[in-house]
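There are two complexes below, and they share subunit A, which is joined by subunit B in the first and by subunit C in the second.
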Partner chain A sequence: MNYILPGPSLLDKLAFIVLASAVLGFGLLTVTRKSAVTALMALIGACCALAGLYATLSAHFLAVLQVLVYAGAIMVLFIFAVMIVNRDDEQPIALRGLFLRAAGVLGAGYFFYRLAWIVVRERRADVLATSITLPIPEYGNVASIGRLLFSDFLFPFEAISLLLLVAVVAGVLVARPPRPTPSGDRERVA
Partner chain B sequence: MRITLGLDSTSLSRRYPRLAILATLFMAFGLPLGLYVAALAVFPLNTPERLDAMAEQWLGYDLAGSPYRYIVYTAFLLLVAFIAVNYTAVFGGVSTWVERRVAGRMQSRIGPNRPGAAGFLSWVADAVKMILKEDTIPAEADHLLFRAAPYFSMVGLLLPFVVLPFGEATVVTDMNVGVFYVAAASAFVVVGILVSGWASNSKWALFGGIRGAAQVMSYEIPAGIAMMVPVLMAGTLSMQGIVRAQGGWPWQWFVFQNPAAFVAFFIAVTASLAEGNRTPFDLPEAESELVAGYHAEYSGFRLAIFLMVEWANMWIMAGLAVTLFLGGWQVPGYGAEDYARLLGTGLLPAPGWFGLQLLSMLMFVVKTWALVFVFIWLRWTLPRVRVDQMMSLCWKYLVPGAFLCFVVTLVWQLLVPPAGVAFTGYALTALALFVLAKFAVATRRNISKVAGHRVDLGNW
Partner chain C sequence: MPGYLYILVSLALFFIGMTGVLLRRNALFVLMSVELQLGAGSLALLAFARGLGDQKGHVVAFFVMALAAAEAAVGLAIVVSVYRARKKIDLDGVNQLRN
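Now for the complex of A and B:
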């Protein structure tokens, strides 16, 4: 196993082009479809294509996590919520009123300006033509990620778990059925 | 109109009884054996380096420097995928026949016994029937998603085959995130169930889809935690690494190596039954409540895909449990050095190596079929649980139980010396054999109590 990856081969470039256009295409479908479920399916496609991009960057663990957590669990929860709520007639917030629309256009314009700037800068650096040296031999595998998580990044890692715990408790609080009132019958929340 | 396949008892096979037996033998043994041999021949070659060496040695062609290297490699990957897809289809088909015969035996009836010897070819007849049927799509359905849904399920079924080890060398690739990958891949089945339920635009299907999503999402958690127990014991997420950390004899299997793993095995099997929508957890397609659940509106080939996924999923469930807990392909008495010695250093290994590989595949296949057999028993013994029972079983018992197993395994790994682990292996194996013997005796006594019961082969 050599630690220096060769420059991108034809297949790598092909994989990048296919996966990147899949991410963009599914992303566009996500924001343009009217039916919420179709949009969510496109988002799942974008997540899977993103996982493919991670895999080509030799971050296999991240790729699997992307599919397991986002395409699997979170998206299924989204679909679940959309199916139960099922309010297709709701107008997106960005399309309400002149001010919000203008803000949306400005925000999107700024975002694309930054993106274009990055692309122009990286084109000058021409990263794709050089070979890539991995920082450590076992870059991206489970053992090295685990070592980093439990040494250098221990505090952020534990802080995130605390944050998730808070979120879980909040979720339980929101979802808990109302307490019975002293008169005996339960308060109903419409 | 009656379609005869030429193997029906009324036509060809009555005139040529041997033809039916030959066709059955071919389908029952020739086809799977051919697939196993093809897998053994193709899967180990499946690295660019080995393909380079073979092209260099035999064809005198410098594949490594050729621009067509990746085309050749991709063609090989397609061949691998072809073998895996065919294997799922054949297993899915054969297991429906086994299931129906076992169900017949358990309910004192005959079961399918017409096409082929012992009715074995009925799965072929079913598949042909399904393919010939019209593919109807409800007018009010979401056409695109309705058509796409079966493929999500299919992808979720096929992806785990990439890392499921059939033998010492017979695995498509040995990822360092293998166990994780299987958990991620099976998530696609849920998407298929949910989308088919929603896109059908039918109450039954929608309820089935929502139930399915809630069930699979919930049971993924105990299954995932229970699957981490062998990962902790082996110290790796790679499937082959986990099998290599176990031994061939039962007391070297992870399930018997520590009491927490013994419990975790049952948690993992229960949770995977629920993830695979098998009875007693077949709520998403409960016939008496939801017609056919999420696939109520499907017909023809799309229905065939759903059914194939459902039955072939048993192979993934059982194969995963065998790999993680029951020693996988390990052959008793043969260690890693035997494989290395027989492999040698040449381009082609010695014939003995192929023999040993086939033996290791046989170990895996026999163990997995045994577990599939148990799944079938469960289906025809237990009644369906209610939705609330399903949820409380998962969240109140399996999730805390799995967490407890996880923690106990951590402590066990730290504190118990190898001698203690070996002793636990013998003790738990003895206990399991004792329980099995008691179970067999009790079953025999129960059967002999039923008046007039006898094995009647007259209708096979």
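Now for the complex of A and C:
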């Protein structure tokens, strides 16, 4: 049973254009800025705009999570890391092996160009064209995603909670400052 | 909006992130670019999920988000640890994790 919504309205188009250009613009800023703090703020902007794009795909739960987890939790981690290690690097772009890296970027650019060409060519395909019909009215909300998580994906869900626990312990262990030993010199643990 | 536009945005964002990973030498910027790439992947997952009318893509994007959190925690811990040992975080100079 399909719930037909009216096609993309002017507001839909406007929202998509604004959000997509915000994502790409903030992404470019993130990659090109010299100061880590500026890049971080641009990354937060990119994450929020990306959450907006998720919402236009009617992935409401994921949109909220994107703001909470990325723009909230992960960015706080990044801010603390910047506070600890921030140094202005005189040479933001890697110069060693620049030729090889530039060749890699150009090759990948051609690859992505071809991929985009294929996507545009196949834009009439069902998967790439339909965004008007909602398969179920509660598509993408917390209840239906949660039902899926606790039925079909229960094992991956529990496994990922274990992975997060391991990652937190590993983070503490790796970032811990060296402990002074009784003999006075500092011993690296882990 | 038609789904292929979302895929195009996702491709462009992934390419931007990959350029950052390849060209930047500061480890912090490399990690930020990786976050951009993960976001681009999630966007493609959600766009295809929308096109297929299936919600399993949302679940996978959820797992990607959890993995990104784990990756950021461990990656930033390594960056801080390397900075303590060497007083700089240029990836060109780092060739061993053992001190």
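Convention: the second predicted complex is superposed on the first by the 140 of 190 C-alpha atoms of A that agree within 3 Å, B and C clash if a C-alpha of one lies under 4 Å from a C-alpha of the other, contacts with A are read in each partner's own complex, and residues count from 1 in each chain.
By definition in this document, a residue touches a chain if its C-beta (ideal position, glycine included) is under 8 Å from a C-beta of that chain, and two chains touch if they have at least 3 such contacts.
What you are looking at is a predicted structure, and each value in this text was computed from that prediction instead of being measured.
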Next item on the list: Answer with first, second, both or neither: which of subunit B and subunit C does A:Leu11 touch in the superposed model?
Entry: first
Next item on the list: Examine A:Val64 and indicate which partner it touches, taking first as subunit B and second as subunit C; both and neither are also allowed.
Entry: first
Next item on the list: Pick one for A:Ser35: touches subunit B only (first), subunit C only (second), both, or neither.
Entry: first
Margin query: Once chain A of both complexes is superposed, is A:Ala73 in touch with subunit B (first), subunit C (second), both, or neither?
Written below: both
Next item on the list: Considering only touches as defined above, state whether A:Val120 meets subunit B (first), subunit C (second), both or neither.
Entry: second
Margin query: Output check: A:Met83 vs subunit B and subunit C. Expected answer is one of first, second, both, neither. What do you get?
Written below: first
Next item on the list: Mind working out whether A:Gly52 is in touch with subunit B, subunit C, both or neither, as first, second, both or neither?
Entry: neither
Margin query: Once chain A of both complexes is superposed, is A:Ala170 in touch with subunit B (first), subunit C (second), both, or neither?
Written below: second
Check: With both structures placed on chain A, which of the two partners, subunit B or subunit C, ends up touching more residues of subunit A?
Finding: C
Next item on the list: Could you tell me which stretches of subunit A are touched by subunit B in one complex and by subunit C in the other?
Entry: 61, 65, 73, 77, 80, 84
Next item on the list: Using the touch definition up top, name the residues of subunit A that touch subunit B in the complex.
Entry: 9-11, 35, 37-38, 41, 44, 60-61, 64-65, 67-68, 71-73, 75-77, 79-80, 83-84, 141-142
Next item on the list: Sort out for me which residues of subunit C touch subunit A in the complex.
Entry: 1-9, 11-20, 22-26, 28-29, 31-33, 35-36, 39, 42-43, 46-56, 58-59, 61-63, 65-74, 76-81, 83-84, 88-92, 99
Notebook entry, point to check: Considering the complex alone, what residue numbers of subunit B touch subunit A?
Noted result: 67, 70, 142, 144-145, 148, 175-177, 180-181, 183-185, 187-188, 190-191, 194-195, 198-199, 206, 209-210, 213-214, 217, 220, 237
Item checked: Residues of subunit A that touch subunit C when the two form their complex -> 8, 12-13, 16, 20, 23-24, 27-28, 30-31, 36, 39-40, 43, 46-47, 50, 53-54, 56-59, 61-62, 65-66, 69-70, 73-74, 77-78, 80-82, 84-85, 87, 89, 91-94, 96, 101-102, 104-105, 108-109, 112, 115-116, 119-120, 122-123, 126-131, 133-135, 139-140, 144-145, 148-149, 152-153, 156, 160, 163-164, 166-168, 170-175, 177-178, 188
